[in-house]
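By letter and in written order, the chains are A, B, C and D; residue numbering begins at 1 in each of them.
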Amino acid sequence: MTAPGWYRHSPRPGRWCEVHRFALIGAGFIGGVHSANLAAHPGVEFSLVYDVDPNRAGTLAERHHSRATDDLDAVFDSAAIDAVLIASSTDSHAEHLRRAADAGIAVLCEKPIDLDLDRAADVVAHANARGVLAMVDFNRRFDRDYAELRRVVASGEVGDVVLIQMTTRGPALSPLDYIAVSGGQMRDQTVRFFDLARWICGLDPEAVFATGSVMTDPRLADHGDVDTSVVVLRLPGGGLVHIDSVRQIGYGYDERIEVLGSSGMVEAQRRRSGAVKRYLSGGVVEDGLPAGWFERVSASYRGALDHFVDALDGRGGIGPNLSEALKAQAIAEAAALSLTSGDMVDVNYTEPGAIRPLR
Amino acid sequence: MTAPGWYRHSPRPGRWCEVHRFALIGAGFIGGVHSANLAAHPGVEFSLVYDVDPNRAGTLAERHHSRATDDLDAVFDSAAIDAVLIASSTDSHAEHLRRAADAGIAVLCEKPIDLDLDRAADVVAHANARGVLAMVDFNRRFDRDYAELRRVVASGEVGDVVLIQMTTRGPALSPLDYIAVSGGQMRDQTVRFFDLARWICGLDPEAVFATGSVMTDPRLADHGDVDTSVVVLRLPGGGLVHIDSVRQIGYGYDERIEVLGSSGMVEAQRRRSGAVKRYLSGGVVEDGLPAGWFERVSASYRGALDHFVDALDGRGGIGPNLSEALKAQAIAEAAALSLTSGDMVDVNYTEPGAIRPLR
Amino acid sequence: MTAPGWYRHSPRPGRWCEVHRFALIGAGFIGGVHSANLAAHPGVEFSLVYDVDPNRAGTLAERHHSRATDDLDAVFDSAAIDAVLIASSTDSHAEHLRRAADAGIAVLCEKPIDLDLDRAADVVAHANARGVLAMVDFNRRFDRDYAELRRVVASGEVGDVVLIQMTTRGPALSPLDYIAVSGGQMRDQTVRFFDLARWICGLDPEAVFATGSVMTDPRLADHGDVDTSVVVLRLPGGGLVHIDSVRQIGYGYDERIEVLGSSGMVEAQRRRSGAVKRYLSGGVVEDGLPAGWFERVSASYRGALDHFVDALDGRGGIGPNLSEALKAQAIAEAAALSLTSGDMVDVNYTEPGAIRPLR
Amino acid sequence: MTAPGWYRHSPRPGRWCEVHRFALIGAGFIGGVHSANLAAHPGVEFSLVYDVDPNRAGTLAERHHSRATDDLDAVFDSAAIDAVLIASSTDSHAEHLRRAADAGIAVLCEKPIDLDLDRAADVVAHANARGVLAMVDFNRRFDRDYAELRRVVASGEVGDVVLIQMTTRGPALSPLDYIAVSGGQMRDQTVRFFDLARWICGLDPEAVFATGSVMTDPRLADHGDVDTSVVVLRLPGGGLVHIDSVRQIGYGYDERIEVLGSSGMVEAQRRRSGAVKRYLSGGVVEDGLPAGWFERVSASYRGALDHFVDALDGRGGIGPNLSEALKAQAIAEAAALSLTSGDMVDVNYTEPGAIRPLR
């Protein structure tokens, strides 16, 4: 593993970073993750926490030596705040994004921009017109191994992309009330890998096929959702991508990507929790996979914040910007439609909202 | 690796096997592989070699201390021959199978039974009615790791089958004139994994989706064929299988199977050519994959022959019988149709010939 | 990897830790590593930095928002300071340790206590009599994998300890002027694994054999030192330990431990820098080993600090205490003697200073 | 794995080998292993089996379609026999070797030549003077991975040899009555790795240190033997070798070699019985090590025979010749002396019998 970003103040030679004043919007579960990272980052002054529930904001602010507010005007006050991190409920992302754009405040926004793709496209156009620095938190791009895999592909070492295998599997179902408003497996879980697929090969998938099943809790079907699915993407030039997404497996948090090129293959293997092996009479037992979401991806969250702060400092470009995030959502929309219709579906990047599931 | 079967005459306690008189039909490339195995097997008397080209038969017979013939009546003479191994050209398999069945001679037959599924179904019905011992050489079932993977699945250790990932990739295109009569990637390459999928999970896939591309030699398209494809199978109960098949990769012979169950996962990893690692300043270099087909699967061919001889001895049942092989071909037929139509296609096991590609 | 300690303020349930006022003694290279960790730790107020060179102290203090001092009385003022971290030059450790003990201030001390074992034994006796909380920074005990390996051994899962294999290899020679005052490979490098060996098996080695060579820079011989050595320890009951120590290898930072027990074996594998594999025609290339010391062990340094702060909070016992550190040094002393004499040497734990190299 | 030699009659282009008439001396356990290989080898006519017990010879001859004899003159009749394979009891090796040399018959001899090194040196000198083709069955040289490791070392890819780690561990104690006449762990088990060490680095070790314990059956001590030992060899130039040898472990047959060079490292990893992994909630379970001796090294026995037959055909040189085998025994002799004396011992290659254990 590479050392996460905030060890840059080690004795190794390194530049100082500036300190940026951040406001956090949303003090729920994921807001808690972000707040720990904001508090620890040497380039961040963690100025404000806002939540619709003042108690939640207060608790989080106290824990991380920040300040709670119930006044959104304070959050979007560009004299006091340099950047907002939007981690509120999904249906409020677009509105907060619009206010930040209007105030000229940089934005790091949790995905999705909005589940309604027309609304999402509108706010992206608005923010892009304002020229605000904005990034969507598709943090897997900052996983050390995925970044290395992309570097190998871009170097040409394995030739042209022929076929990509992706696996994304979580240890347990999210709560049903979360799933009910998540937009379904394609828009909630697989969408991260739609972004990764585009980012790794530098191509926009043209068509999508998806098929899925409910293998765990039958109540998922009540929400038109699945927990187990296979998606196939067709790339320009004939390359293929397949992604299997499973919401609940019995052996930890499992992600894996493999890119077959015309002259070789590169694989980001499933990550392990450690490197201990026991050799016993019945077989060899290795350390298993990370038990949960936090163990597996917390470093990616820190990496995304690092990258965003670097962009604020003018070092390197922004990560997944709003337009890119919208493309990933357009693929998810087509996949969701394919899942219900059973047909291969063309992706509509220009008017992503024009593709709609039949039910 | 376990020791292949014909080291059973080692000092380890073991039963003696009887000796069975074999005739080999077909002295081409694959006939050569079989003849070396027949010559080495302690339970086989390698009596005859037949080929439409007497020179080829003669060469092979001389090499392996067998006898060449140009008389098919001698091959199907049950007073002199106990078993025939059919390794002739695909279009003659059905006829040879029928003659063996009529003569009451046991058969080990190369796949496919016949590319015309009506014709294949007819000869299977005929042979089954005669009650002859007959096995189709889907030899991957005799790969040590695939057999172990199936054992783990059957034991229930990973729970019910949720999702199967399969990869089958060869190092180089077969000659175009072979490809032209092969029936295409689904019927020639992927069909082995359709058989494996059924065998591993004990379920008959209900529907198939396939999509593919030509990424190597454009002349493949002239034969309506592809070299790179993804197939998705739906199993009864909602389980999913996906298979990627690639005819030509740059890094050796690559096969891999992973079965996700409701409580765990089991994987037959890609096989390596050895276990040497070099730790260098630029990275760690391990032994690569087997360079070619022969290195990867020659043990499976020996395993299949072992299994067949065991069945002749009355030890254990037959491997993939004719009806099972016909099912794998029915899946391939539906996959080939999906590949051209772009739609998911139901598998028709009862009248496999009734599904036909549109072109 | 487990999340390092200061993500305990994540949304996962966790106790608050108290905040302890630390003074750092020594602002050299290793002091810089410690200061970054002190600055980032939520349970630490990084109050003071002392160095014999005020400029160095000032630079480090400014970088980490601490305060520099040239007054040792301020460092050992128990009204203002709860703990000192001793990272000064080796010959001053004992004196600083004595002053902290006298002031009743907790100590985290870099190894060794003192290269003169009589002097080291004296100050250990003194500090133990004062009852001050003191820990020596044998930080490998806080490596995730070594701790897990020890847990497996202690659980009895592999039976009684029969044989331990240890490998400790660095990527490059330390500067010669450092090596000249380091006490030699046994006291500087291998000593960490003497501590680990004792800690893992819970036994005090009885006798030591060591042999070594100079394979890199011949000037090492001028200091009576080696860069490549093999040490064999005999444990009570007949168990054996062997350790190979190499100061300079060409492929990164390489550590590995394997414990053979009477019923199985457990191994902490060499750590990799990532989990990316490239499958190429010439072989499979994996991510290599960590390039240097910092990449490999920085997490262990943080883990040691975490553990020490936990002990200050009264949560869990201290790590390697002074008496344990003295035992590891006693083994190193005997190994250094064996290296020059060529004989197996008994370890003298009660009067470690009584064993002296002949030259 | 590479295909073992006697699949050379595959359809792959290959030369024919001549057929050589072999006599096997010794029809015990190891004679049984050899006889299966002799019977299966296409370049061998398995002409005769001799044993002091005619019943044993008869049983083996019948099983492998050979002929038993109780007449040693028939064995050493060069008009009828081209090569003898000596697998009789250790104390008769030298005499059989001498007779073969006198008759001008090629010899493949089980190790050791003789446990009395004076006697061994005499017969080696005698056979060398006669110029007979003679090879000692240190078959690990024909293990695919060890041969590849040596090739890498010889290529210079990892630089000059600095340190070699060797592990040789068996799953279970041999019977005590075998151990009693085996010459002890150094001469019986570790000697194979003394030969490998010399062969891999092309250097003759100068001095040896060994220490060992009895950790399993205390009766071993009655024979002056150990079951667990560590040996350290010093090479010319300062390189070091350490070897741990364990007679009984709980997890299969474990061998592993690692060569550290001045610019990299190369490792022949412990061999596995297969490549299946199970990912479960409690960890990842891989296929274990080969269960026993036969599974692990039977391919090496076949490889040694292949190599010997190639030498008979004039293709390639002989494997470990008598002089090399004597050197490996000289190292074992010195190691056995060190084991009892506790001192490092110089190896005496010119008069190996001059080194004798004190008891």
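The definition used in the following text is that contacts are C-beta pairs under 8 Å (C-beta built on N, C-alpha and C of every residue); 3 or more make two chains touch, one makes a residue touch a chain.
This one's a predicted model, so the numbers in the text were calculated from it and none came from an experiment.
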Of B-D and A-B, the pair joined by more C-beta contact pairs is B-D
As a test of understanding: of all chains, whose mean C-alpha position lies farthest from that of subunit C? B
Could you grab the centroid distance between subunit B and subunit D? Build each centroid from C-alpha atoms only and quote it in angstrom. 39
Using mean CA coordinates as chain centres, what's the gap between subunit A and subunit D in Å? 57
Subunit A and subunit B, separation of their C-alpha mean positions in angstrom: 42
Got the subunit C residues that touch at least 2 other chains? 158, 250-251, 254, 263-265, 272, 279-281, 287
Listed in rising order, the residues of subunit A that touch subunit B in the complex are 158-159, 162-163, 165, 167, 169, 209, 211-215, 228-230, 232, 234, 238-240, 242, 244, 246, 249-251, 254, 260-265, 342-344
Which subunit A residues qualify as touching subunit C in the complex? 1-3, 6-7, 9-12, 29, 32-33, 36, 39-40, 63-64, 144-145, 148-149, 152, 157-158, 263-281, 287, 294-295, 298
Residues of subunit A touching subunit D in the complex: 250-252, 254, 272, 279-289
